[in-house]
Every structure is written in structure tokens, then in C-alpha cells.
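Please read through the structure below; I'll follow up with questions.
For clarity, chains are labelled A, B and C in written order, and residue numbers in each chain start from 1.
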Amino acid sequence: MSSATDTQVPAAAPAKARRRRGLRRLSARDRVVVALLLGIPLLLDLAFVWFPALATVFLSFTKWNGVGGLHTKTCLPNVPSILNNGCLYGIQNYHQAVTIYPEFWPAVRHNLIWLAVFVLFATPLGMLFAVLIDRGIKGSRMYQSILFLPVMLSLALIGIIWEFMYSQNLGLINTVIGRNGNSNAIDWLGNPHLNLWAVLVEATWRQAGYVMVLYLAGLKAVDPTLREAAVVDGANAWQTFWRVVFPVMRPINVVIMVVTVIESLRAFDLVYITNKGINGLELLSVLVTSNIVGETQRVGFGSALGVVLLVISLVPICIFLFQTFRRESREGPS
Amino acid sequence: MSDAGMSPSRRTLLRGLAGAAGISVAGGLISACSSSGSGSGTPSSGSSTGSSGTVGGTVSFGSNYSDPGVKAAFASLCTAATAATGAQIKINTVDHNTFQQDITAYLQGTPDDLFTWFAGYRMQYFAAQGLALPIDDVWAKIGGNFNAAAKTLSTGLDGHQYMVPIYNYPWVVFYNKSVFAAKGYTVPTTWDQLIALAKKMKTDGIIPFAFADKDGWPALGTFDILNMRINGYDYHIKLMKHEIPWTDPGVTQVFQHWAELMPYMQTGANGRIWQDAAKTLEAKQAGMLYQGTNQVAQQYVTDKANLADLDFFVYPEINPSYAQDYMDAPTDGFMISKKAKNVDAAKAILEYIGTGAAEADFLKTDQWDVGLAQGLSAPTYDAIQKKSVVEIGKCKAVAQFMDRDSDPAMATAMIAIIQKFIDDPSTGNIATLQKSAEAQAKTIYTS
Amino acid sequence: MTTDSSLSGSLPRVQAVRPADSGRPRKPRPWGQIASQLFLISASVLWLLPILFALYIALRPYSETTKYGYVSLPHSLTLKNFSDAWSTSGMPHFFWNSVLITVPAVVIVLALASGVAFVLTRVDVKVNVALLILFTAGNLLPQQVIITPLYRLYLLIPLPSFLSGSGLMYNSITGLVAVNVAFQLGFCVFVLSNYMKSIPEEMYEAALVDGAGLWTRFWRLTVPLCRPALAALATLLTTWIYNDFFWAITLMSSGDKRPVTSALANLQGQFVSNQNLIAAAAMIAAVPTLVVYILLQKQFIAGLSLGSSKG
């Protein structure tokens, strides 16, 4: 028995070596099991996730309003749109998005602002909560529960709840600061200079709790002997955290950063439920949706926007995959 | 009954328009007065129902009548239709805005047999894509109940009919009679009088114009009426079809007049829903509100405010050559989807709906719209409705509202542009916005 | 405890020994403690404020709030908004839709994901890492990237009538279940494969000796051992799928077939004249997740940690 398995143990494997049995060594029945267990989900994933992702790229080069078929003829220039449908359009969609579409650059800007706020404020806030709670002061459990509560709520629900806070004439914020009259009301959600920040407050409200929990898990995993050693060396809490704990948590930090970036690119629900993503709340995700799923369907154009979103998202995704699976490929034999 | 007050010249005009309707001009939308009293020689009983015999089965009816008032009216219409035709109706109500958003998906996916929709290019657009069923045979039976204008509104680009109208309503300036009486205001009939009135209201501590544009579409109405007053109906329709560029000086004039009005319009419009603007009018904190009777009067009823105090006047004249000849009076109606399952029953139901009796039934609980059947003067009409019939009847031509007259994508683009205008009505911004509108229109209307 | 079990059992020994304050300064400086307490208290109050405010509005009658506004002392509190929201808006029906979507989706995802994770960790199919990457990345894409072709695909796939009222995948509960399954698959595969890696090889050796086939090793051996991870994931998935908004509003056009979260958008339009009803409806819609939260908070957090930390 051991001789058969010995050959499969990799030379430099860590303590918990895994050995995988190659397909060749499996019985026919087992191979069927593999085929089913792996094949069905794979098919599902390919059909409903990857195929559409690739199809979006293809569609971005067409001009189509969603009705009728697609064909591979090139679109004729200077012809009424209703006759020019479902044809190949080249990179015109991208060109129009970047030059003519008035919502594109604001959306990119807003996405970047969203990202910046998350990275510079929401995530550090969550980390701060985690660090403070990890110190084990009295009431930590309660604080943790309260700060985490928004994560359980649907973002659509969060948008609805916060509309009461931001209501112009009746909301809590305007009433408390005395600006809820008909002439001096602050229009938190309607003023395009303010509403993105108002919505970002809502998003932070949720994101901080999410990051807090992830970070807490990481903190709890830090080997206490490290901390003990630091204390023995005379470090105070602040120094212990920054010099000892934080560096050790590098993998967690990367994961959290990636999660933050992905969450900020995914932002959609809040903005959509507030005002369908117009007038200062444009985001790439909403632009895609409003061009594709709406009364006015500009499928090709919307797909182009979707591809832009895809390309931007690929950066953090690749970082995450690289970070996560780097060890994987080093570890196991393939 | 039959309104003999129509001048012969207008009758000729209408007949001419009806003739032109047979020619399918690309986007050939010809709107005309959909007054219930325009006699063109046909009997005005409006009660011929055609042979809507009894059919069986269930018909699904997609509806965007989600506001409680109109929802009740629609339910009673369906009950009456079931009684008349024998077909059971299953109503599928979707939130008003969501229904419109989803319409292309809806019609291509799994639409109900019948669905609520609007007249105008918006209807022709979907009909031209093959998403609706032509109902010429239904119109063969109910054609006598409507005048030519109503029929034109229901006709697609290819000359076939696709819709049966149920009601229309005017966009007018609302005010509370008691406020005007108390403060001694008079109804303005010219632009200068309007501005003067707004100034007076402001000094009296009343918001001159209640204004809301969170949903984006309400402000389009103001653009429409200003355009029709300043540049005339033909110009407006051409602009909607992008036969005139958005950078035209006529359009600049529209925005300039609007900028004159902005100091008197309620601030924070982009964050306010129209229902709240109507509430401001109800509470007498605002003096006037330019919106459709379908919205404002209905809101008064829903909020149990003093409907008897509500009155309206038609938008004042700006350019004497066009006076007050035109207005937006959108028409709503019903269509059959191409993928309908129970077509016979659906057609029978439409045959029933296309009658004065059905409209009167609908309007029993609807105190804000008016029907289109000829000679219809529903006994339940209140003051607002009676006045609507008169005012619509007075106009020479009637438009359907920007988001129904232009390409849907263009309307969406204009919504964003107008919201930006509301934020910053300066001259420089107007020029920028016009350029942006034109650039987008080029990509929307042609490749 | 469940948090730690995720970390491949690396700290059991220390867990038992460590007193509450181990590794921290023996005498925390008082002002540091007080500052932290103050900060956390104020943060907690701020955090609860929006929810409590919405609840407060939901408990007040419409006539009162129209007269006095939201920020005013109550003359009377009422549960009428809740009962009205419940009965007039069709909420029971929407809840049922949510159940119909969430429960099958969670069950199916966990079943499929555990199978995939098992195969990818225990069977060498030569492209194990590549497949893992495929699954994981699939979950990280924003939903809007795939919606257009997905939407068109849904309009094309026919379904038998017992699975879909519309005859198509579009506008059907089955369709929503399918897309939720496909979309959440990646995360679960990732988490479960991490977890399964920590199962010692010796157990499989023993099973092999006993002549257990692959299926038996999977079903009788691996799955029971994964119960904590499955429980944690079930909690997470239930919350996420219940809270889903995008798929429901894009792939479900019938108002009455929508699950409760997206139905709220409809209700916003329906109750636009009466905000108290919307507040009540929102509170009602939040109840299931709050229940999960109160009862299963530990599992939920464990699930998140499983996903974030790599063993």
C-alpha cells in the first residue's frame, strides 16, 4: 500500500500532503462519478457565466436594439437606425461611449470615487473596528453584532431605509440641522454634487461591518506567541499591532483589498433603488443596465460598457487569483 | 353630445390629416385633436359595440396602472369587459415606471395577451419591430366610435392599427381657486402676465411653481409646451423626429425662456417626486403646477384633498402666431402582443373597450381623464374633466409628450440633459447641452 | 470556535490555554480603553440610527407624520402600517417566491459545489488548478457584465410548463434559481475545496482499504466532515440569495413572481403616497435576514472567514 502511494507524494510537500489519484487509477464507475460531479456544475458555470461573459465581448461590436436577429453584415453608415439593426458596428460603440455619451466619464469618475472612499475610508474604518473589538474590551460582542447588522440587509433595503434619513422635508438629517423648509432644504439625493457622497455614506455603513468581520477572523488567526513576544520586548499595543500583527496578516490584507475593490465595482443596488442611477449617481454598472434592460435597448452599446467594466474588474480579479492560487500550484502536483 | 361648434375649416383639416394618415411616412405621426365632440358627420351615439359575441377562456392583461386610483378604475373596466364578452381576465399589475422600463423584454419574452401602452411614436416603434398584433379587424368594428384623429393615434408606421385608446388627458397649469381668489391673482394668458404673476406669488411667500423631476419625465412636459408655444406644432414634431437639429436656435429660445422661469420654480426638483410636488400644491404652499390632469387630479383624489378647489388654465401664449393652439394630451390605450395566446378573446375585449359605454364605465371611478369616443360626455365627469374636454377640443393639434413622440433612447438622453439644465440654467450650459443632445441624437436616429 | 475551525485546525492547543487577555498588555492604559469604548459606543449608536428611524416611521400612523413630520414625538403608535403592508401589497406571496428561489438554490449549490470541490481536491484531472480558477473567477465578475447575453439566452430556452409558468426560462422561478446557482457556485467551490484540503489523507486511505468507491468516499466520508463549512455556507448563501436584487429585476418581469427584495422596488412605486407603508414593508422584508442573523450569527461569520482566509 505504502509503495503505491509513495510515488505520489511530492518531494517538498508541507506537512499535510494531499495525494490525488489520477483518473487512470479509477474504476469505470468512479470515472462516471467524476464526470457527473464535475461535469454538471462545469456545464452550468460555462453556460450561465462564462459563455455570456464572452458573448458580451462579441456583442459590444454590434449595433442591435434587441429585437430581431443578429447577422454578420456590417452596419451601413447614415441610415435610419430602425433599418440598421443587428449588424456589425466595429469599435463605434466604444468610440461613442468615450466621446459622445455624456454619462460615461462621470460614471468612470464616480466608480473611482467609490473605490477611493472604500479603500481610504470604509475599509480602514472596518479594520479599526476589528482591531478595537479584538482587544477584548467590555461589550465587544454587542458592538460586533451592531456594527455587522447592515451587512445582513439587502442593499435595496438599505437604500430604502436611508431615504427616510435623507428626505428633503421630513428626513432626520435635514430636520436636525434645521434645513427642512421648502426653500432651504438640502437635497441630499437630488443634488448631483451631493448625492454620490450621500450614497457613499450608506455604502460605507455596510462595507465597514463586512470588512470588520473579515479582519477579525484574520486577527484571531494570528499566532498569540508573536504578540506575547512583542509584549515581552516592551512594545505597547500600538507598536504590537503595526510592527508585529499587521505584517503577518499580509494575505488577509490582500484579500480584503481585493474584496473592497470588487465590491466597489459591483456597486449597483444602492444607486438603482435611489434614483435608477441618473443625475449624479451614474455608475458603469447602472449604465450597462439602463442600456440593455430598459425601454430603450441599445444592446451593442450596453455590451461595450459591460466590457469596459469587465476589463477594469479583471485587474483585482487577477490579483486575487494570483495571490490565492500561487501557493496552490506550488503545492500540489498537477 | 355632438359639438357643432367646430369650424368647417377645422373639419377639413382633420379630414385632410386623416387622408394623410393613410400614407405611411417614416415616423408619420399625425396628432390631432382627440376631442370627443368633433363631429365629422357620423352618428354620435357612441354605443355601437360591434359583434362582440361571447368568447371563452382567460385572457391575461398586463397593466401599469399601479397607482391606487386608476388601478380601481381599470379593475372595474375589466369586470365590465368580462361581463360583456364572457372571457375571464387575469390582471397582472406592475409598477408604472418598471412596466415601461421592461417593455422590450416583456414583449419579447412572455407578454400577457393584452397590455397597456401609449399612443405615439412609442407605440409605432414597437409595432414596427413586430412586437404587437395588428388589429385592423377590431377597428373595422369600432371605427365608427372614434374620430379620424383617434384612429390615427392608433395607427402604426405601416398603416395598420395596433391600439385601442381608452382615455387621454391634457397637460395644463393647475392652481387652487381659493388661493387665487384670496390673493387676487388672475389667470395669465400671456408670457409676461405669467412672469408677473410668479413674481407676485414669490413676494407673497408662495412657491410660484411646484416642480419635481426625480423620475426625469415630468420636466419634459415643460420643454414640450414651451417649444409648441414658441416654435409651433410642426417644428416640435419635426424636432421629435430629429428632422431639425437640437442645436437649432429655436431650441435655444425654448431653454432661454425656461431659464427665465427657473427662479420661480421649486428648488431641489431633481430630488423630488412629482407626487410630492402635487402635495405642495394641495397644501397651498405652491401656487401653480404644470402637469397632466392624470397625475395631479388623481393625486388630489388619492390624498383626499379638496378637488373642488382645483382648477387649471391652459399654458399662456408666448408667440402670437401660435397662441394657445397646441398642447400635450397623451393618449393611453391597449394593445395585443404578438405572442398573445388567446387572440380571439383579446380582440373581443378590445372591441368592447373601444366603445363609449366602456369608456364611461372606466371613467366612473376615474375623475381625471377623459375618453375619446365620439360624443362621449360621461355623466360622472367632474368640473376638471368637463373643462379638459373643452380645452382639448379647442386646440388645433395635440402632441403626445416627448417620451411618446420621440425615439425612446432620445427621450432618455433628454431626461438627463434637462436635469442638468435644471441644475444650471446658464446660457453657457444651454449651448453645451444642445450640442450634447445633437451628438447623441445623431447616433440614436441614424448610424 | 467555528471561526478557528476554518483555519485548518492550526490553533486548537492555544485556544484551550489562552486566557482572555493573553498576548495583550497586562494593564491596558485606562484612557486607551475609555477612548475605544467611547468610539465604539458612538459608532454603534450611529449604526443603529437609520434602522431605528425607519422602524419608528413604520410604527406611526400616516396622518400623524403628514402633520408633524417624521422627527416628532409620537402621539400614538400603531401596528396598522405593518398589517396594511402585509395584506395589501401581497407580501406573503413575495415571501413565498423568495422561499421558492432561495431554498432550492442553496441546496443545489451546496450539493454541486461539494461535488466539484471533492473532485478537484481528491482526483487528478490534470487541470485542477485551472478549473478552480475558472470557478472562482466566475463568482467575482460583476453581474452586469454577463446580463445581456444571459437575458437573451433566457428568452430562448424553453422550459416545460411545470417548471415555468411562461414556458421560457425568462420570467420563471427556475430561471432565477439557475442563475443564482451558477453565480454562487464559484465561491462555494473555492471555500469547500479549501476546507476539504484539511481532511487528512489517512481517512481516505482507510476507506480505500475498505473498498469504498469514489462516490462512497464523497458521500459517506467527505460530506459529513464538511458539515461546519456547509452550515456556514448555507447561512451565507441564504442571506445573499434572499437579498439578491439584480437578477430578479432583470430576469423576472412579472410583478407578482418577484421575490421580496425586488418586489420592494415595485412597492416603492405602489405606496409612493404613503411612506409609512414602505417603511413597514421594508421592516417586514428585513425580518428573515435578521432572524438568520440572531440565530446563526456565528455560522454566518464563520462562512465569511472561510472565504477570506486561505488555509
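Keep in mind that, in the parts below, a contact is a pair of C-beta atoms (placed from the backbone, for glycine too) under 8 Å apart; a residue touches a chain by one contact, two chains touch by 3 or more.
Fair warning: this is a prediction, and the values are worked out from it, not measured in the lab.
Name the chain pair with more contacting C-beta pairs, choosing from A-C and B-C.
Looking at A-C and B-C side by side, A-C shows more C-beta contacts.
Measuring centre to centre with C-alpha atoms, which chain is farthest from subunit A?
B
Could you state the distance in Å from the CA-based centre of subunit B to that of subunit C?
The computed centroid separation for subunit B versus subunit C comes out at 44 Å.
Could you grab the centroid distance between subunit A and subunit C? Build each centroid from C-alpha atoms only and quote it in angstrom.
Chain centroid spacing, subunit A to subunit C, equals 15 Å.
Quick check on subunit B: which residues sit in contact with 2+ other chains?
102, 105, 108
Show the residues in subunit C shared as contacts by 2 or more other chains, in ascending order.
151, 249-250, 265, 268
Mark out which residues of subunit A touch at least two other chains, giving numbers and ranges.
Touching at least two other chains: 66, 169, 293.
Can you list the residues on subunit B that touch subunit A in the complex?
For this pair, the touching residues of subunit B are 26, 100-105, 108, 125, 128-131, 207, 214, 216, 266-272, 276, 280, 285, 407-409, 411-413, 415-417, 419-420, 423, 436, 439-440, 443-447.
Which part of subunit C faces subunit B closely enough to touch in the complex?
Answer in residue numbers: 151, 154-155, 166-168, 170-171, 249-250, 253-256, 265-270, 272-273.
Spell out the residues on subunit A that touch subunit B in their complex, using ranges where they run on.
63, 65-68, 75-82, 84, 89, 92, 96, 100-103, 168-169, 182-183, 185, 187-192, 195, 275, 278-279, 290, 293-298
Hey, which residues of subunit C end up touching subunit A in the complex?
That would be residues 3-4, 6-8, 10-11, 14, 18, 20-26, 28, 32-33, 36-37, 39-40, 43-44, 47-51, 53-54, 57, 65, 69-71, 112-113, 115-116, 118-129, 131-138, 140-153, 178-179, 181-183, 185-186, 189-190, 197-198, 200-201, 205, 209, 213-215, 218, 239, 242-246, 249-250, 261-262, 264-265, 268, 275, 278-279, 282, 285-286, 289-290, 292-293, 297, 300-301, 304-305, 308-310 of subunit C.
Help me check something: in the complex, which residues belonging to subunit B touch subunit C?
It is residues 66-68, 92-98, 102, 105-106, 108-110, 273, 275, 299, 302-303 of subunit B that touch subunit C.
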